[in-house]
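Look for chain A in each of the two complexes below; its partner is chain B in the first and chain C in the second.
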Partner chain A sequence: MASVALTNLDPASRAAARGWSDLTIRNLFIIPTLVFLIVFNIFPLIYSLGYSFTNFAANRAEPWQFVGLQNYRELLSDDHIWSNFVITAKYVIVSVAGQMIVGFGLALLLNRSFPMKGLITTLLLLPMMMSAAVVGLFWQLLYSPSWGPINYVLGLGDFAWLSNPDSALYAVAITDIWMWSPFVMLLSLAGLSAVPQHLYEAAAIDRAGWWYTFTRITLPLVSPILLIALIFRTMEAFKTFDIAYTMTTQPTAELIAIRLYKQAFQQWDTGKSCALAYIVLIMVLAITNLYVKYLNKVKER
Partner chain B sequence: MRKIVTSVIAGIGLALACGTSVRAQDKELTIFWAEWDPANYLQELVNDYTAETGVKVTVQTTPWPDFQTKAFTEFNAHGDAYDMVVGDSQWLGAGSTQGHYVDLTDFFNQHKLGDVMAPATIKYYAEYPGGSGKYWAIPLEGDAIGWSYRKDWFEDPKEKEAFKAKYGYDLAVPTTYAQLRDIAEFFHRPDQKRYGVAIYTDNSYDAMAMGVESAIFSYGGDLGDYATYKVDGITNSKQAAAGLDMYKELYKFTPPGWGKTFFVEDNQAITGGLAAMSMNFFAFFPPLVNKATNPYADVTGFFANPAGPDGKRFAALGGQGISVVSYSKNKDEAMKFLEWFIKDETQKKWAELGGYTCSQAVLKSDAFQKATPYNKAFYDTMFMVKDFWATPEYAEVLDQLNQNIYPFVVGGKGTAQEALDKTAADWKATFTKYNRYK
Partner chain C sequence: MAAVRTSSEVAFNRIAIAAVLIATLIFLAPIYWIASTAFKPKELAVSVPPTVLFEPEVTPFVRLFTKRVQMQKTVDPQAYEAAPWWEKRIYDGGERVLKVGKDVQLSQYPDRFMNSLIVAVISTVLAVGMGTFTAYGFSRFKIAGEADLLFFILSTRMLPPVVVAIPMFLMYRMVGLNDSHIGLIILYVAFNLSFSVWLMKGFMDEIPKEYEEAALVDGYTRMQAFFKIVLPEAATGIAATAVFCFITAWNEYAFALIMTNRRAQTAPPFIPSQIGSGLPDWTTIAAGTFLFLLPVAIFTFLLRNHLLRGVTFGAIRK
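Here is the complex of A and B:
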């Protein structure tokens, strides 16, 4: 860090007048962030790793004992937990795939000039600016079999989206798609606008078709940024809690984050919940790593 | 700059000094409870205490789903934010064995509360372990599962005639679960947007468990032996499975989308004119007799939980006792408050405000039983209540029950026997883990 060259302070600046060096200013900016990170992120992370090897329960006065890998063993052999992981995987696949398709599709539609483009883009971004819990509660009303507009519009009668064990998870995923497609749209728009126009012009001169242009020019050039959107959304979808928690209590829609919450704050099984949190963390890291490796390959091309 | 820093520090110091002196002069007590009407009634009641003694008492509330989490987070941190807590009956085990609650045994015996409060409320809201003679709470709000129904639908001559023709007996308030099921089926007319019955199905806390256990108890089943923790053959007995089967049967006649419902939805089933009968805790009935909140207030009736096939009749216990938090800095002041709270006149006022007193004298009085259309049913119910496990690991046990019965009741997966067999196995493993079988 010391070898990093720093620009000299303007002698006329206030900082120079106070006798501060550029190093002092750098520290002033960095140290509070570092302290914050260490106190609120790194320290709890290490502390909870320690807890994950104990039978510590935050609501008990008895001293905790070191149990080695028992928590991990029990969790990984628990059918309920595996079923939560399968549910989460289904949810991640459906919701992220939906968001990528809808988000990228919207970006393609918006990537041209038309009247009120700015207003429409802003309106489309609104869902992701809302609180997830509020979105969950609203969609719970929209799905209501008695008075919800969704069944009315689709002519589904009394179909109970959230009470039906087969549809509850997909109903939550649809809500997540609605909320987060604008995020993918925004990143895709940035990618699309960066594609050099002359490539399209050259393709037009060569009389290339729409599909050819899309698969040979648009998609390869936008894919790095699409992959970034994919990484972000996969990580977020894996951690989803608020939308699902407010919308349904169906066990078939119990994501791993909800199970973790119940284990940690309803059952107060602190040691085991720390172990579960680590299992989730390792899984997210592994998936993200795969994506990042693929992203680097795509960039190299 | 130094001047600014000095004045800021001086300001903070002054503010802290003022704060401390104000606190020393005006004693304050904070009671923590869930966010519902009885908490508002309690605030009204304790305002009298403030007027009498000058001690300010605040009833702090939080929504039901967060109640347990928030209270235990504070307890576990040994926080003194609350001086007293009106905790759920299931919390007694955790509250007492983990040192969160002050032992009120001496207070209880000194004031002979065993003779003052209704027996069931002492057994379930105050004593832990059962039969030990150790008390940790003063019964505050009695509550249990009861039912509201549409009197006008029940009394309609055409409906009565059609019912008699179909089922061979008169349409009246059900006295057995079998009758309740028939009536629910009879009024279940989705094409008319009318449904048979509204029951609890929310599995995020104890809602569905309370509904299910009411049926299991009335069918002669039990959740286990609370003294020995024996579950095999009790939790999964034939009677318990029959009770669970009946609950699943009732679910067939609920309004559509009835998969995450608790007190709000069950009251809406009546106020929205959706269902013929609706299960709810008595504490949630006051809005049903108020025309401003229920357009059908004049035609809404109430009845106690019906009996099972062998005439056994029980209802799940709700309600709470008030405990002194052991980390409070105002424990002496809290004890003085409790002395005031148990006085006969305070209990009478508590009942008048809408609180469900547990005082035997008030409960038995004619004035109380005739005060509302549901007080008589409440009185009857309070002598036939049973509760869930109050063991310290109750949250884990509750979650296991929810995980096993919800897919059966709402999802239609498996059988009642399978759901209860799995529950018994899970509970046995949990109790073994906590060394309950010594």
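Here is the complex of A and C:
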């Protein structure tokens, strides 16, 4: 295709030297993006770092004062915040573990040829493409104690999934598992299909059992990609806001992102919320670092 | 697998396929519930036991798009006769459609839907446009500290939206960008840009350098080679990246919730806000949800071969 386009070239453009130098083009292509990200992502973060040392409240006109590390000290000794972190940890563990098990399980089942495999795989991937806030809202109807199909099918009577303080967090986690198991499934399928067939053939010749083949061949070869899925989902689950926010108002399901939102935009405790945002940010960046490290590792293979 | 398949292997295979089918039904059930509720008569949406099969009707969509009030007395038979079919459905439900003169008053839904469309389309064009150039730069030129820069770019994607939203809200308030399309577009471009750079870099890396080198030898400038050789080759990648960016912007909730409330509000914060107090009308909410999810479902099918690449920022390509 390239050779066709090359033949009829205006000689004038050839005379116009080589146009811009590669260096100019490189800078022209890359610098606007970097500037954009710095202006709209990094600068705001510097701005909020400044506010995190003040008692600024965005809904009041009175001048703010510099309070030093007081916000951070208060936050780190606040039992309420700690309980939000504990809730978030519980949520992350339950929902990510669920996604890994269901997603990898589905991938193992799908890893064979059968009619309409492509269609079924795509259908299974639908949940993760949809808006968590809107889908989460609709799960309220599914979970409804009086007319929800879930309770009807499971025969749970009028069990109130989302307004029961003990179950609200897990109900949200179940919805999250439904949404994101397909993600783990997609990655696992890629990992499974990359396992060389001759290893399985060799194992079959040696009359290796299913369990032996699974633990000695499948798992070790798929684990790098599973690790990526695990880290990515952990990071996303840690940041969860929309799905939990639209599904329930139970304090027992108040994730750290929801706490942050309330502190910033309902209580208008701006200075302190900036400090909390920084604590959350540092945790997220730590996981991001890990994620990119493993992503690059898999990429090199 | 092994050349000869034992009968137990065949049986296991069958069981696995049956399990896949059951799992698919379970995974699709909530989506079926949204879609079916959008076509249910009001009373069947909250029936006990839940209704699975029924005669579908489009009344929820009529309710979705119109402003209505409860009627105090029964409808005048003449007015009922004169009304178009969809208005009769509203009368049947004991409500009437609000009008200004002869014009039907629309609900807020079409506005919110349009806002979503405007913000998602414009932010996608900008993010993919900038991302394509930048990806080419990273793919073809030597850049000092390339890995660090790429990590920096990706890390902006990982920032929790609420964390970014706090300072952005304050800054937007100062310059009057709160509740504006532009404000939301800027945030979505920033959010999608890193994704677009990473994904496009993967696609660019796959276009052989030799194509442009041949063009350069033939006297093309670098820019001409980029526009005439590289961009056409990258068309599929650009399309896939654009669809991903569109879906992300279309679905985004936290920024939209914080930055918009009326004029520029998009569908994701609007749809849950319809719940309000009292008994929600789930059929109308489902109708709005159904129309909102439909484009994403269609795009998922178009994207099916690029999904893996998309969710791993281009790192895993199959």
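Note that in this section the second predicted complex is superposed on the first by the 266 of 301 C-alpha atoms of A that agree within 3 Å, B and C clash if a C-alpha of one lies under 4 Å from a C-alpha of the other, contacts with A are read in each partner's own complex, and residues count from 1 in each chain.
The rule we apply is simple: contacts are C-beta pairs under 8 Å (C-beta built on N, C-alpha and C of every residue); 3 or more make two chains touch, one makes a residue touch a chain.
Just so you know, these numbers come straight off a predicted model, no measurement behind them.
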| item | value |
| --- | --- |
| First, second, both or neither for A:Phe265, with chain B first and chain C second | both |
| Which superposed partner A:Ala58 touches (first chain B, second chain C, both, neither) | both |
| Contacts of A:Trp211 with chain B and chain C, given as first, second, both or neither | neither |
| Which superposed partner A:Thr248 touches (first chain B, second chain C, both, neither) | first |
| Chain C versus chain B, contacts on chain A by residue | C |
| Touching partner for A:Pro149 - first (chain B), second (chain C), both, neither | second |
| Common interface positions of chain A, toward chain B and toward chain C | 58, 144, 146, 265 |
| Chain A - residues contacting chain B, complex | 58-61, 80, 143-146, 158-165, 168, 248-252, 262, 265-269 |
| Chain A to chain C touching residues, read off their complex | 1-3, 5-6, 9, 13-14, 16, 18-20, 22, 25-26, 28-30, 32-34, 36-37, 40-42, 44-45, 47-48, 51, 58, 106, 108-110, 112, 114, 118, 120-135, 137-142, 144, 146-149, 152, 178, 182-183, 186-187, 190, 193, 197, 200-201, 204-205, 225, 228, 235, 239, 241-242, 246, 257, 260-261, 264-265, 270, 273-274, 277-278, 280-281, 284-285, 287-289, 291-292, 295-296, 298-299 |
| In the complex, chain C residues that touch chain A | 1-2, 13, 16-17, 19-21, 23-24, 27-31, 33-34, 37, 45-50, 130-131, 133-134, 136-138, 141, 143, 147, 149, 151-156, 158-171, 173, 186-187, 189-190, 193-194, 197, 211, 214-215, 218-224, 226, 228-229, 232-233, 247, 250-254, 257-258, 267-269, 271-272, 275, 282, 285-286, 289, 292-293, 296-297, 299-301, 304, 307-308, 311-313, 315-316, 318 |
| Complex contact set, residues of chain B against chain A | 68-69, 72-73, 75-76, 94, 98-99, 190, 193, 201-204, 255-260, 274, 392-393, 395-396, 399, 403, 406-407, 410-413 |
